[in-house]
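Labels run A, B and C following the written order; every chain starts at residue 1.
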Amino acid sequence: MRDRPPIAPTATVKAIVETPVKTWKRVRKFNLWSWIILGIGLIYFFLPLLATFEFSLRAIKGRYSLEAYRIAFSDPAFFRSFGLSMLWAILTIIITLLLVLPTAYWVHLRLPRLRPAVEFVTLMPFVVPAVVLVFGFIRMYGRYTFMVSIPILLIAGYIVLSLPYMFRAVDAGLRAIDVRTLTEAAQSLGASWPTIIFRVIFPNLRVAILSGVFLTFAIVMGEFTFANLLVWPAFGPYMELLGAKEAYAPQALAVVSFLLTWGSIGLLARIGRGAPGQGQIAGAR
Amino acid sequence: MTTSEKRPMSRRDFLKLSMAAGFSAWLASCAPKAAETGELPVTMSMDDLVAGATKEGELTTIALPHDWANYGEIIETFKSKYNMKVNELDPNAGSADELAAIEANKESRGPQAPDVVDIGVGHTANAMTKGLLGAYKVSTWDSIEMKDPDGYWWAEYYGVLAFEVSKPAIENTPQDWEDLLKPEYKGKVAMAGAVDKSNEAVQTVMAAGLSRSGGDIEKAPEMGLQFWKEMNDAGNFIPVIADIGPISQGETPLAIQWDYLGLANRDKLAGNPEIEVVVPKTGVIAGPYAGGISAYAPHPYAARLWWEFVMSDEGQNLYLKGYAHPIRFNDMASRGVVPQEMLDRLPPAENYAKATFLTVEQLQVANKYIVENWRKVVLGEG
Amino acid sequence: MSRESDIRLGTGEAPVAPPQTPKKINWAWLGVIPFFLFAIFFLFLPSATIFIRSFEAPDGSFTFENIISLFTKADIVNAYQASLSISVITALAGAIFGFLLAYAVVLGGLPAGIRTFLTTFSGVASNFAGVPLAFAFIATMGNAGLVTRWMETVLGFDIHATGFTIYNIWGLSIVYMYFQFPLMVLIMAPALDGLRREWREACENLGGSTAHYWRYVAFPILMPTLLGTMILLFGNAFGAYATAYAFAGSFINLVTILIGAQIQGDVLFNPGLGNALALGMIVIMLISMIGYAYMQRRAARWTR
């Protein structure tokens, strides 16, 4: 755009010619601001982590050491509970997606009057205390042993907790792409519903869905109340237990679990990204 | 997304709603079932108990952290002595959680239903009103100094509130409550919980009040609140909950906790940082915990066997090993069954001689007053 | 119950049936039934006790005391005020800085890897709450914190001697941001993807400046998502509990802390009041939702 041939400078041509330079300058300016904002964000996020890390190194008096980490890792229950929570997180993600995706899609496309109801459902989990919900579960379903011996209630609880985030993420994604046009276009080309949903809409929602997946994963990994009261050996109760009886090791554990969860999410991101070059049709930059 | 959005909820949703409403009504009408049939007698022989418990094979406990009054060793000893499995629920549960667990699991009798509880004495009234406890008198019943006459609950152990001081952050160890107001402790004094949620925190207010009122229980709540108001105004009091985390990190170098917890922390931290536990000279308040059996216990024999063990000399000495005073201490000491080495590990006995035990009614009155006036008096809120 | 009142909301005009063939309606309903069934069985029914027990006195009898005290007891009114303030503050501030962050990594010309770094980090950070988060900030800015010590040794400046303390609602707000910013980033990033370059260029070709672009093109398009995320942030902060308790439990009075004290504490035990407090929170959420739904409709009006 910068290599335009010289033309008699009318006002419009002047505007056109000047635009590239202005854009370029603007991009430069945004760049600086972007780095500043990023910098502030990084400082804010990493200072507390650094403080926790620094403290975890103080397990042995007078010098820095990795003693707390040694203690944290020497407990087999750590790996067991982390693994179990990961498994339950994946289950939760799958079921929540199955619940939320069709709902968000249909509400967006055909049932907009249901939006208030759906949004209310997704906002309720914030104001219902987890304790109350768990006791409600136990009271209502505790007598059915199968509900208690396999973690149905636990997963159900996790799903309830992640509904707000998953829905909002998918909803944002649906807004960003023109669902109606895409659907109609695909329909006019003769696509069946499964094709429309799985090969047209979802690929374009991938980034938004991933956001919801990350959020759900983190929620399940860190969740405590449900696992605790329903007596399942998840990672949350393990962390609490350790925090109550050890010093230094819990902080080491906090750092480790942060990094591990981050790594798992990075892996999910990689998987979710799919084959390189498979970009979004709609809403692409 | 225009006018169609404002349309009222459709028939279908109304149907769902009425279903939900109907369900709720049904739920509400579900009255709590009567207590289990075939209740066990109030006293039983050890042989019967052991036989019944062995058949049940398992005990479910709740809210027993391993490092709280040596519960870890108590549970292990019980397991090996009677060859029982112990299913430990939620070690961090508070008294209300324990009662809620009993209540919620009335019908299910599953693995989330606790058999035995260890609650603050103040909560026994609740438990009794709701009929959550079963009556039983252990063989050592007569020497238990604090209990319900009908056998629904009894005190197991107690501690006194003490100053848990981190060295070298605190150079001069305070000896009494008034010392805490000194400017050298600015920003350093913390409680072990929030006043409206934690019994330990409320007793902290009460103890300070007892110190100021010279032992007058009636005046203590008011004077306690006044004391903490001064602490807050001087900036000595910080709101961080003093747990082993903040204590070891240094944010709460002067924490006020039950002595057995402080001493356990001292051992755990092993000098990093160094902890000194000091029982204040005045305002020594005893905090007994009460034990009980769930009225809906899935393993009633095991539950009673547990208490026979815990309230026996052996069990009570295990509490002492965890720095907590067993409730039968005086009886055991007079019979000479307390090992001297255990006595030596405790803070000096004179401090405990002054300990004040509140009755359940006094506790409830004091708690109510303190909680209701905390924000008004100490924080100056309207 | 709360859902019932939901029926009557949002109706101000005569119902207009959108033209739809019956077959299409069937399909759509099929898609949303599982969601609502799940909500009924695992959210509404178990929480029905909240409504029922709000009218329960400590001795089990029926009473309106609990509901009345929501409006009359100073403690409770203050708690609602505090909860609302911190939720609104952190929702707004979280939205603003979160948006800036999202913009920086998506459209701000930063290397692509940074976007992945930040979004994956946000995934974890959005749930870093409770005791670990409180501890992290105490360990940073508390009396014995890293930054405090650093300022004393390196700058010779004792910040706490001036009476500065992080243990108040402002300090707690800063702590809350730790999970508010990432949430905003995660939801807004895909939404920013939806801002097509062509729109920007078209605006410029028509002579519009950056300000014009944002005011007339970008923000209107983003507004529904922005609002939706803000109410998410609001709800997130409103329902937060463990962080506030661990951070400054005795000082800060929030509704969630009050509820915890009533139904889980060692001192008080009035589950009826605890449930009434929770009911109050549900009602507030409902009211916020009305306002939000109204703004949503206005914002999305022109997009079709």
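Basically, a residue touches a chain if its C-beta (ideal position, glycine included) is under 8 Å from a C-beta of that chain, and two chains touch if they have at least 3 such contacts.
The structure presented is a predicted model; accordingly, all values stated were derived computationally and were not measured.
*Asks:* Could you quickly compare A-C and A-B and let me know which has more C-beta contacts?
*Replies:* A-C
*Asks:* Return the chain label for which the distance between chain Cα mean and whole-protein Cα mean is smallest.
*Replies:* C
*Asks:* Cα centroid separation between chain B and chain C, in whole Å?
*Replies:* Centres of chain B and chain C (C-alpha means) sit 34 Å apart.
*Asks:* Distance between chain A and chain C based on Cα centroids, please, to the nearest Å.
*Replies:* 15
*Asks:* Nearest whole angstrom, what separates the Cα centre of chain A from the Cα centre of chain B?
*Replies:* A distance of 38 Å separates the two centres.
*Asks:* Pull out every residue in chain A that's touching 2 or more other chains.
*Replies:* Residues 55, 114-117, 131, 135, 139-140, 240, 243, 250-251 of chain A each touch two or more of the other chains.
*Asks:* Which residues belonging to chain C are in contact with no fewer than two other chains?
*Replies:* 3, 6, 10, 29, 36, 44-45, 48-49, 131, 135, 139, 145, 260, 263-264, 304
*Asks:* Can you list every residue of chain B that touches 2 or more other chains, as numbers and ranges?
*Replies:* Each of 1, 4-7, 9, 13, 27, 100, 245, 249 in chain B touches at least two other chains.
*Asks:* In the complex, go through chain A and note every residue touching chain B.
*Replies:* 55, 58-61, 112-117, 131, 135, 138-140, 142-143, 145, 148, 228-231, 237, 240-241, 243-248, 250-251
*Asks:* What does chain A use to touch chain C in their complex?
*Replies:* Touching chain C: residues 15-16, 19, 22-23, 26-27, 30-31, 33-35, 37-38, 41, 44-45, 47-52, 54-55, 98-100, 102-103, 105-107, 109-111, 114-121, 123-129, 131-133, 135-137, 139-140, 156-157, 159-160, 164-165, 168-169, 171-173, 175-177, 180, 193, 207-208, 211, 214-215, 217-219, 221-222, 224, 239-240, 243, 250-251, 254, 258, 261-262, 265-266, 269, 280, 282-285 of chain A.
*Asks:* For chain B, which residues count as touching chain C in their complex?
*Replies:* Against chain C, the touching part of chain B is residues 1-9, 12-14, 16-17, 19-21, 23-24, 27-28, 94-97, 99-100, 120, 122-123, 126, 129-130, 169, 187-188, 191, 193-202, 235, 238-241, 245-246, 249-251, 253, 367, 371-372, 374-376, 379, 381-382.
*Asks:* State the interface residues of chain B toward chain A in the complex, per the touch definition above.
*Replies:* Within the complex, chain B touches chain A at residues 1, 4-7, 9-10, 13, 27, 65-67, 89-92, 100-101, 104-105, 107-108, 110-112, 243-245, 247-249, 268-269, 271-273.
*Asks:* What part of chain C is in contact with chain B in the complex they form?
*Replies:* On the chain C side, the touching residues are 1, 3-4, 6-8, 10-13, 15-18, 29, 36, 40, 44-45, 48-49, 51-52, 58-60, 74-75, 78, 131, 135, 138-139, 142-145, 160, 163, 165, 167, 245-253, 257-258, 260-261, 263-269, 271, 297, 300-301, 303-304.
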